[in-house]
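The same chain A turns up in both complexes below, where it pairs with chain B and then with chain C.
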Partner chain A sequence: MIEKLDIEATPRTPAVAFDFANHHLKISGESYPEDVTEFYGPVFIALDNYLKKIGKNKCRFDFELIYLNSSSAKAIMMVMDKLEDAAKNGATVEVYWYYDHEDDTMQELGEEFGEDLESAKFHLEKMAG
Partner chain B sequence: MLASQLMDLRSTLHTQGVIFTYSGYVTEPVLSGVGEALKQKLAIDDADTKTLRSVFAIFVEQMQNIIRYSAEKTETPLPPTGYPKALREMRYGILTIGKEGEDYVVCAGNLVQRADVPRLHARLDRIKEMNKEELKALYKEQLRAEPEKGSKGAGLGFMEIARRASKPIEFDFNDLDDDYAFFALKATI
Partner chain C sequence: MSTDDLFAAEEQVIAAAQELLENGRFHDKADGTLYADLLKDYQKLFRTTRRLMRLSDRNEQQLNALTQEQRLANEIIATKNKELEALSKKLSKYLSPQIYHSIFTGAQNVEIDSNRKKLTIFFSDVINFTETTDKLESEDLTNLLNRYLTEMSNIALEHGATIDKYIGDAIMVFFGDPESKGVKEDARDCVRMAVAMLRRMRELHAEWQELGAEKPFHLRIGINTGYVTVGNFGSEDRMDYTIIGSAVNLTARLQSYANIDGILLGHETYSLVKDEIAAEEQEPIKVKGFAEPVRCYKVLGLYDDLADEGMVIREETDGFKFLLDLQKRERSEAIAALEAIIARLRE
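And now, the complex of A and B:
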């Protein structure tokens, strides 16, 4: 199994830092890629492979997104669904959604995603600074 | 002559408060480049974070609508192997960003098939009448739904625009001929 997935941020795609060995996963930055499937496809594959073997482990997922376009929102929802499924199957999943306190749209979006999480634990937090 | 022609065009835009105009084939690099300039201008204007993000978000959705759906397009008949997919096909549209008093306005226009007008009209009418709570509910519903036939995105673009706008969206269609109509969408922030 791969230990980690690291994708550097670009102006239009977020940084992905999946530290599978330490069960700490993070997506941060801006997301409005030209082709959502092309960017998120490999991220989904790596995440699926990790979650398949997570068992009863504890995992933390941080979302620190500044801006995402509407097609990226769909991709993020799919990530949330994967995390919820893993939690339903016995893993302890902590989801942190960090938002810029000056942008209530991103706060609301976080709330909307959080509403759909039952087994995974959802935390809505202001970004530092 | 040359200078006066271009100056006329510029002053027409200027009197309407337009700061940015792009008219032509829109590609993803155009979106990136104009987007960067827009962010810089908004920063210089000292726009607050919420306004900056909303103007930018609406700009992205409007540009991507043109790139994906404008009915006016040019295609390279036989692209060489390895030629980037996005360059095979380019779609035409016009986008302006300007100010009306204290508000920012982002307008986009492009051709659509007349056959698509009733469907688009109904969708936009519905979105236009909704308050923020209703928009939020519909957005969430659509996020879970399968994309509509013919949609190349998540089918959320118009809702994202309406949610980010501070006033109801405005739109209009102008029939061009038997097949095409010009579609214009305005969002105020």
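And now, the complex of A and C:
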């Protein structure tokens, strides 16, 4: 069993909560790290290791992002690609994109990300509150 | 130019590639599949580029909006700061500058608190102020009183006094808190200030008479040194930074016993300033709360001033002190005494 990945949020980086045992993965908060590869590198490794063994299992990925810089957006697109590939290979992948109801940018970004997903199921949801 | 125009060339490339595929220009199927995959990757890369550009532009817009908000907030803060500064400047006039300074620098807390200190206290009162100004119009009286208090306060502040309060025409100040040069120097500053005030009063007499005061103002001044309790007294909503204690009451009594345009010192003050100030002991006065009559001293002047006027001869260096008061001793007496000393020195 792959160990959980829990990274606490900082003012510049999001919280990462990958509960692999329950197939529930989540990234939330703001993302504009000084070095995007340094932050997302370990996240990609953990995700790749999990998706390699996912098989036909069901997995849910929640994005609750408030602000993204361009480099982080590219990293998120890479996460989406990985999820899409896993879905193509038979896993049931559900992607939830939560956006602040007053934030058009994050809503539109979610919509565009959703358009790229063919095998993974995409849900666009307003954040609670 | 619209955003679409920016990417017209890329759109044309995609359209041309799609046309190529649709027209079946690839005879080799594998080549066609490879070309289709490449086109798909190119389209994805194109979407990513547009997405990132749009995100970057929006982030920049948000940043600009935040910068604008920040600028407006800074302007509001600057305006509020100016208002607060103006307000605190107005409020500062109700406080002694030292108290204001110590509160605003955080050196002193604005809370009910006190401590015991040895201070030199000063009281002055205008003799028969009410009778002297009885015939004046209110505006003239206000001008006269404010001018008097302003002049005296300026002198007090020049000498480092903490102005405790004005009680009508009476002034109460003290030396030694919140700043102190040491008990001795505080006492000396206080007496120097009192002498300067009386000097200034003489200069102002002519001006006041022109304003309509039939009789010129005259002062009585009392100065005393002793332990008092100094601090904030009152309630949490309204407090005064002041001093209390028997030394304060004694100073008020000394003031009431002082001669017209005279300064009466308590014994401790006299002990601290006697090297610099000529003073004459008076009959002890009886003061409520003091078992024994209180010794007191009338100030004759600063030795430096008296020397300039030829009334004393004073020489003082380390290990040598000479003072001759020509108002008390004849010159011949002094010469005889000095000759006796010289003879002893030659033995």
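Throughout what follows, the second predicted complex is superposed on the first by the 128 of 129 C-alpha atoms of A that agree within 3 Å, B and C clash if a C-alpha of one lies under 4 Å from a C-alpha of the other, contacts with A are read in each partner's own complex, and residues count from 1 in each chain.
Heads up, the rule we're going with is that a contact is a pair of C-beta atoms (placed from the backbone, for glycine too) under 8 Å apart; a residue touches a chain by one contact, two chains touch by 3 or more.
Given the structure is predicted, the values throughout are model-derived calculations rather than measurements.
After superposition on chain A, the partners chain B and chain C collide with one another.
Of the two partner chains, chain B is the only one that A:Glu34 touches; chain C does not reach it. By the document's definition of touching, neither partner reaches A:Asp6: not chain B, not chain C. The wider contact with chain A, measured as residues touched, comes from B rather than the other of chain B and chain C. In the superposition on chain A, A:Ser70 makes contact with both chain B and chain C. Among the options 7-15, 133-141 or 169-177, the segment of chain B that ends up inside chain C in the superposed model is 133-141. Touching of chain A by both chain B and chain C, each in its own complex, is seen for residues 67, 69-70, 73-74, 77, 105, 108, 112. The part of chain A that touches chain B in the complex is made up of residues 11-12, 32, 34, 36, 66-67, 69-71, 73-74, 77, 100, 102-106, 108, 112. Of all residues in chain B, those touching chain A in their complex are 28, 32, 36, 48-50, 53-54, 56-57, 60-61, 64, 86, 136, 139-140, 143-144, 153-154, 156-157, 159-160, 163-164. Within the complex, the chain A residues that touch chain C are 67-70, 73-74, 77, 105, 108-109, 112, 116. Looking at the complex, you find that chain C touches chain A at residues 44, 47-48, 51-52, 54-56, 58-59, 62.
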